[in-house]
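Every chain is named by a letter (A, B, C and D) in the order it is written, and numbering of its residues begins at 1.
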């Protein structure tokens, strides 16, 4: 009796619980297909805006000496209209379309573009820590979150996820508002605002100076957020932040996540990371006699 | 011409810029003397409360697989009255007394205890992430911060530092309030709220479940805070969080810190870390032709 | 595999040995713990209960190690009650180890202070002449006597038990015996682990005679690595500078044998 | 010492060599970069300007490496203008490397696409018979000709230059020369790096003849490690799966030779 890796995140059904996080390799349908074949349960696209964005000049990403990555790609993306065309032919891959914008109308307009695409869910990026007027600046404004989530929910029948991060207000309030406005699930967390300075040239390394920290360093913080959210709210959670092994993934399930996303780990372990984690989870479930992912979700709260 | 490692943090003068952070080995005068001899420019005591506190049961601290530490010692401390007696005989060591409390009167009472002690500064812990009613719960409440800082400033002529961290509000607002209320300097940052779950026993590892993440993982976040504070306010800053090498220390100076504190690095490199960092800073300054720490402070903003 | 020895590794208890009504040895598999140096300890997490510093006990089986725990407060009782098949977390090994000397050796252990002595015995050379003193309150608290005799079977050796009430072996405090032995015989080294007063007197006796002596100290421990400060004795941190200190060094320490610190860090008299 | 090869290491430019009016080689000391495999690249940070992917050029001196940069947009011009004593940051090495074959080898390089070819030349065996084609627009854009002849001095070899305008060497496109050569002679392997159309045609010519061929692709790069996705060609990520791909693999790629992506990730025709 093989353990079943299928999971449901509220209305979203996935065959496997490990998803590709937004902004990671998420630019072409060919790559999505490859990642799906490699074991990803779903892929989240780069966050799309109404118009194409070039993003920031390089350096936009580098490895931190003590581990992890800092990036300020600046949400470079082809824009929702172009992107929708790129994935129109999609049949097989569960694609979650990530969206950024400043006002509800941005999101409305973008969702229209995908009417002819097979989209598994939308993920609203309310948490990018290094681009002005979108991301965290939206997530930190409860009124705006309310308007955006309500608008999006009225514009589509496809499930909608809100992606949160650690901004300048209590992210739990953002979640509260999103839940009140009808959100279907929460992804936690985005990168954490950070900086690195080169001591020889005495300059910040990123062209944008500030960026977002991802990878192993943020795992204990991300896990805490999932644990906190699941203590406080009855909402499906997708855990994200620093996951690179099956043990990390299981920690997130135990903390209350129904699925997980990863990005930075691909920089270290390449696309094999999906299958490695799937296998590890499966072996763990066998050993522990869990037959479904659900058996694990939130268990750490019960001890 | 040897570079001069002396630094001033507003009214606070230190011979060397690397301080021991609060809560680390900070329990006895003998140990303080040893750390001072080992190269610490000053030592910060454990955060003291009006009464002795046992703290949380073990496990209270452990190493994170991906690097760094998570602790929930729970502010165990002998209480300000006992502690003041323990350091009464101090002659040589620049001691910064760290205080926690819930109301202004707590701080007033504690400062009285130290009237006969040689105290270099007080550090108000407005940022412990894992003890209820003190720490972050105070730091996140601007009205309370205002009252506490004003009260403390009225109770003593000794310089007063506010130690901030990433809570549920914008830490920059806390700093704003503290500056308006007369604070002399800022220490940034405390540990970042985190959790770890053991997958075999499916339980959070710490007895308190939540703890604070310290060490290398938080360095890029702490550095960003120092950079942000120094962009926004004209206040002396002590950088803290994940510093373990001279390069880390220099990054903090370049970001705007006039001195730094470290804790977790002692777990890896033991007390030699102070002299190692002092030497590294000195060699760097020589190579770069900086004659004082001040020459470096905030340089990254100018590029 | 310990990826990070400061993070608890979960092991399963494979065997439980009752040493006395209040002392048990719990055996588990762990390659690293099976080969630690004599005197090293681990932080032992009893899930849902507490975490305690424990000397790492030897096991006869390859690749295995053990803890020998005396049931005392809630934490040690939690460990004492762990059954075969249950799991505990261990991090470490921590601390320094005894300096291995040669010749005529005196080992002094009281209660679970015998644990590091057992591992030390596995390091003696065939030519060493070894005397082991086992101190206990009464007969039913004596353990490891035959284990020690077994380990030393190829050495010139003596295992002497003394009980406070004389119900077994010699009668009286083990420290009186130490005083007598070091006065009578020249020892090349003395090693002691047990209650602080036992260690204090043993160190004094040896120091007076100018004999090399080392004691393994115990203090309240939280981190085990020199961060939290809870284990300080004078300017030393027991977990990181020790747990083993030379007699000479200890004779200069103002707290050794006199004070320890409680959970809040307040000095208390012994 | 590269503690983390994904973090920029700062190096100081020690020598600048003018190759042509618009191409310069910047030499620096770095042990790891001095011994990379042929085809590997680094991400090169020009502080205050930009960061660019650059093939790692050889240096004659032990422990040194170099970049050979053509002045083009603001980023490469920033690098081009770096003076002796100034600092740049490098991270890497990244990417795979050419499969080293033996026998009759054809190397084809256009412009700075010659850089990986120079390092590949240092890997040829004494028994190899090597033909290097250098493609350039005109005479003053030709470089590395004598460097290549020097490296190959102990081999049977030919270095053939072709310029589009015929101002030096053969006249015409280097790809016509490739077509002719592979029709005339059996090669054991063909290696190509240069403008995509040059690589596309070279791969086609070799594939048609069933000759082993590898091309080193260029795409917009941000991370260099397979995170950002900006370098994708079809389902391949140039930085991580490449930059070197076999001709057979490339013949199945729908984007190679046809499209590349701009900074926003939109497909554009070549």
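To be clear about the criterion, a contact is a pair of C-beta atoms (placed from the backbone, for glycine too) under 8 Å apart; a residue touches a chain by one contact, two chains touch by 3 or more.
From a predicted model like this one, the values you see are computed outputs, not experimental measurements.
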- Cα centre of subunit C to Cα centre of subunit D, whole Å, reads 64
- Provide the C-alpha centroid distance between subunit B and subunit D, rounded to the nearest whole angstrom. 50
- Task: Measure off the straight-line distance from the CA centroid of subunit A to the CA centroid of subunit B, and report it in whole Å.
- Result: 33
- Task: State, to the nearest whole Å, the distance from the C-alpha centre of subunit A to the C-alpha centre of subunit D.
- Result: 36
- Note on the structure: subunit B residues touching 2+ other chains are 64-65, 67, 201, 203, 303
- Message: Can you pull out the residues of subunit C that are in contact with at least two other chains?
- Response: 47-48
- Query: What graph shape do the protein chains here make by touch: line, ring, star, complete or other?
  - Reply: line
- Task: Just spell out which pairs of chains touch, all of them.
- Result: A-B, A-D, B-C
- Using the touch definition up top, name the residues of subunit C that touch subunit B in the complex. 3-8, 10, 43, 45, 47-48, 50-52, 75, 87, 89, 91, 222-223, 225-230, 232, 234-235, 237, 240, 254, 261-267
- Item | In the complex with subunit A, residue positions of subunit B that touch it | 64-68, 70, 166, 168-170, 172, 192-197, 199, 201-204, 209-210, 213, 216-221, 223-224, 227, 242, 244, 247, 250-251, 254-255, 284, 296, 299-300, 302-303
- Query: Mind pulling up the subunit A residues that touch subunit D in the complex?
  - Reply: 23-28, 30-31, 33-34, 46, 52-55, 57-65, 67, 69, 71, 73, 76-79, 82, 86, 198, 200-201, 203, 205, 207, 263-264, 266-267, 270-271
